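Heads up, the next two complexes both have chain A, just with different partners, chain B and then chain C.
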Partner chain A sequence: MKRYISIYKAFAKMSLETLFAYRANFINSSISSVAWAIFSFVSIFLLTSKTSSIYGWKREEIILLTCGYQITIGIFHTLFTANFGRMAEIIEHAQLDGFLLKPIDSQFIMSMRWVNYTSIFRIFIGIIFLIYILQNFSIGLDPFTIGIFFLLLLVGLLLLYSIWFTVATMLIWFPRLSNIIDLMFSVSGMTRYPGELYKHASEYLFLFLLPITLVVATPVKFLFRRTTVFDILELFIFTLIFFVFSRKFWKFALRFYTSASS
Partner chain B sequence: MAASQDNLDTLSKEGAAQGVVTQNNRKSYFGTLPIRYARIFLLHFQDVFQNRSRSFVWFLLSLLNPLVVLLFWRGAFQNSSSPLGDWTYNAIAGYYLLLVIAGSFLQVHIEEDIARRDIQLGFLSQYLMRPFSYILMKFFQELPWRIIQGFFGVLVLLLFSFFIIKNGIVLVHDPAQIIASIIILVLAFSISFLFKMIVGISALWITEFSGLQELIGVVDIIFAGFIMPLALFPPFIKTLSYVLPFAYMIYFPIISLLGRLTTMESLQTIGIQVVWLMIFGIIYRMMWQRGIKKFTALGQ
Partner chain C sequence: MRQRFFAKAQNDTLSYAMKKYLQIIKGTWAEYMMYRLNFVMWRVRMVMQILVVYFLWWAIFSQRQAMPAGRQEFFGYSQSMILTYILLSSLVRTLVLGTTTMDIGSVINQGNLSNFLLRPLHFFHYYIARDIGDKLLNFAFAVVEVTILYFLLRPPIFIQTNGITLLLFLAAIIMGTILYFFFSLIFGFLGFWTPDVWAPRFLSFVIMEFFAGGLFPLDILPKPIFFISQLLPFSYFLYFPLKVYLGQLTMMTILEGFVIGIAWVAGLTMFASLLWQKGLKVYTAEGR
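Showing the complex of A and B:
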């Protein structure tokens, strides 16, 4: 564990050096990160401007979902997305050999090699809007609730990561389908709407999307004390199942990896 | 993009072979010109078919967001009978389904290919050597993608209107308005294409291209009507969106097809579209003429 922490520190340092070395890239990703964060808020304010509640969710609660989404996705993009973005190329160009040969867990290096610092802006924007909404709609919170909120957020993050990693693993069979990673951005975007949306559309669709809908909704529901013990259990159980599955699936998929030289 | 590279290589060989003929016989050059572009078009069609699973994933991408927002409105309509004034649930459903088609057919994605492959990696010099117009080649490279994606969109529309949405979706049925809609559609595609060409060749000056691209992407989603019908926006943003060009690429073709434009409004839309087309045409020409000098000056 200690070894992994020190390795991760080295990765983080290298990513920071890259960030400073390529100025244009830094500006680009900062702009894009801020633009998408602002877009999420603009769109949810516009959508909710015509309606006061949806499936029992009040307007401010739906906006809070977007805040929770920004924070989660901000952390997610900072820690993982850059790695998923490169996975298709690494697999297609058979560079995966180099990663597999290293005396380190392959899932760890594939999902944590690069850190994208510019997405931190998104986390900040999410937190600023969260505070603004809480004050504007005078939702009082104690430190305990906030603590549990962030804890649940981290569990949700792990669930989101496991889903992404499972999907990205499929690239081993279909390396040219690199745009499924782009699709995952949209799928993650679905977490910023209440799960009831999909439930009322079709039970099958809901069952299919259930894990995704838990990622942000469960922590946010805790903020206005609507979370039941069942909700929390559901989040933990799904996270555990998906995380274990993502690991097993990766190990299984590696058996089908055809490297460059063999 | 390995596949498209192969095709382009075949193209360049063909182009070179035919280019020799061109030098000797200009008459046959002009005679075969449309056939050449048709051939480019067909080659890229093969490219799209080769990448059909990729193409389908791209389509899923443009399908997902409109459908999620549609589900959102469904919730709003359950709460009150008419939260959106004269937009009934069926009209809203029609809007988002047409948005899927518009997003896949009318939204041109040529800019990244131009900026990254042609300009940053220098493939542009290859094109400059060929006896083709660059913009037309890019047009015929993009068109097959849009046709296939639009076709997926039409399938989804049919599927939904038969099985899911009760009472069906009302589309434009007056002959004069159908013709107006087609004109608006063609103009919308042209504006969208020219706009993305401009964004693409802006990479000749701008190194921060992907930031610009994302920024334009966000502005486009808001003001082209991807979130919701612009008519339902708060007044200020609505006025702004009618001034910007984005609505004329996506939003107006949709509401025209929904039959929500009067004859007068249709003519007005066409007029504004023509103006935007001319503005973008002039900007593109100016940028191309200056940029191309800059590009050769770099010695690529």
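Showing the complex of A and C:
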């Protein structure tokens, strides 16, 4: 464990050095990231401006969902997304051998090799809006609730990661399918609206999307104390299942890696 | 005799040019079919995006239906207007925003541009033909998708029957298409001066996604922001054509829109050609 932490520190440092080498790129991407977050807040404020509630979600709760989404996705993009983009490239160009030969866990290096610092700003914006909404709608919170909120957020993050990794593993069989990573961006985007939205549209679609709709909604529901024990169990169980599955599936998939064209 | 000879020669060059471009279009399709699973994923993503926006609007209106008749509209939009706007935007999107010019930056950076300079074909024309291929293929898929969605969801939609409005709608789409082509080309030409071509383009995407009006019609924005959005080129990609289709604009506003849009087309065309000429002077075929 200690070894992994020191390896991760080295990865983080290397990513930071890359960042300093391409400063203009960093500034540009940070602006995009911030603009993206602000636009999504403007949109949700506008769209809910004449609406008091949607499917049992009050207006401020829907906006809080966007806050939770920005924080979760900000952390996710910082820690993982860049790795999935590279994973598609690495597998397509058959460079995976080089990673498999390293004396560390292959899933670890595939999903944590690069850190994308530009998305950190998005986390801040999410937190700023979170505080603003909590004050504006005078939702009082004790430290305990906030602590549990962040804990559930981390569990949701692990669930999101496991789903992404499972999907990305399919690249081993279909190396050309790099668009599947792009598709996952849209899938993650669905977490910013209440699951009820999809439930009312189509039950089948909802069942299919169920795990992904828990990622942000469960922690946010806890903020205004609407979470039941069942909700929390549901999130934990799905996370456990998906995480274990993502590991097993990766190990299984590696048996089929052909290293074609290397 | 001589005249007839010239007429024939002219005909030949014309059909030769046509064949040339048809071949590029076919080549683009062949390329997509090579990566067909990827293309299907791309379409799945597009459908998902449209569905999320659609369900969101559906939810907003389902809540309003309980209200008295006068208050069911949302910023002056009825449910059918908005749902038509959203579904139609996915079709207009393939025509206006479908492009292959995204890779021009790396074509320049990797020195592959030299291949194009050697060919008896203008670089711009090559990409216009490629884009036509991309747009047609995506449009065909989008038509099928929207038809399926229509039969599955059975939304109330608004069908425009006025011939003149439909012609104006078509003209607005063509204007938006030309505008976006040169807009995208300019971002590609940055490759002449810097290897960082993705970051500025991504920033433009972010701003465009918001100001083109794909998520909601721009006129629900607060007045000052709406006014600014009308001066930017983005609103002419989706919002303006869709708004013309819905027949919610006065003749005067439509005219204004075309004047500003054409001014942008002229400006961006000149700017793109200028960048192209200047860029070729500094092009070093690096990487070859």
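FYI, the second predicted complex is superposed on the first by the 259 of 262 C-alpha atoms of A that agree within 3 Å, B and C clash if a C-alpha of one lies under 4 Å from a C-alpha of the other, contacts with A are read in each partner's own complex, and residues count from 1 in each chain.
Operating definition for what follows: contacts are C-beta pairs under 8 Å (C-beta built on N, C-alpha and C of every residue); 3 or more make two chains touch, one makes a residue touch a chain.
Nothing here was measured: the structure is a model prediction, and the numbers come from that model.
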Simultaneous placement of chain C and chain B on chain A, clash or fit: clash
First (chain B), second (chain C), both or neither touched by A:Ser6: neither
Partner chain in contact with A:Ile54 - chain B first, chain C second, else both or neither: both
Partner chain in contact with A:Ser138 - chain B first, chain C second, else both or neither: neither
Footprint overlap on chain A, comparing chain B with chain C: 24, 28-29, 31-32, 35-36, 39, 42-43, 46-47, 50-55, 174, 176-180, 182-183, 186-187, 189-190, 193, 196-198, 200-201
Chain A to chain C touching residues, read off their complex: 22, 24-25, 28-29, 31-32, 35-36, 39, 42-43, 46-48, 50-55, 174, 176-180, 182-183, 186-187, 189-190, 193, 196-198, 200-201
Of all residues in chain B, those that touch chain A in their complex: 51, 53-54, 57-58, 60-61, 64-65, 68-69, 71-72, 74-76, 78-80, 83-84, 207-212, 214-215, 217-218, 221-222, 227-228, 232-234, 237
Residues of chain A touching chain B in the complex: 24, 27-32, 35-36, 38-39, 42-43, 46-47, 49-55, 174, 176-180, 182-183, 186-187, 189-190, 193-194, 196-198, 200-201
Chain A-facing residues of chain C, complex: 35, 37-39, 41-42, 44-45, 48-49, 51-52, 55-56, 58-60, 62-64, 74-75, 194, 196, 198-200, 202-203, 205-207, 209-210, 215-216, 220-221
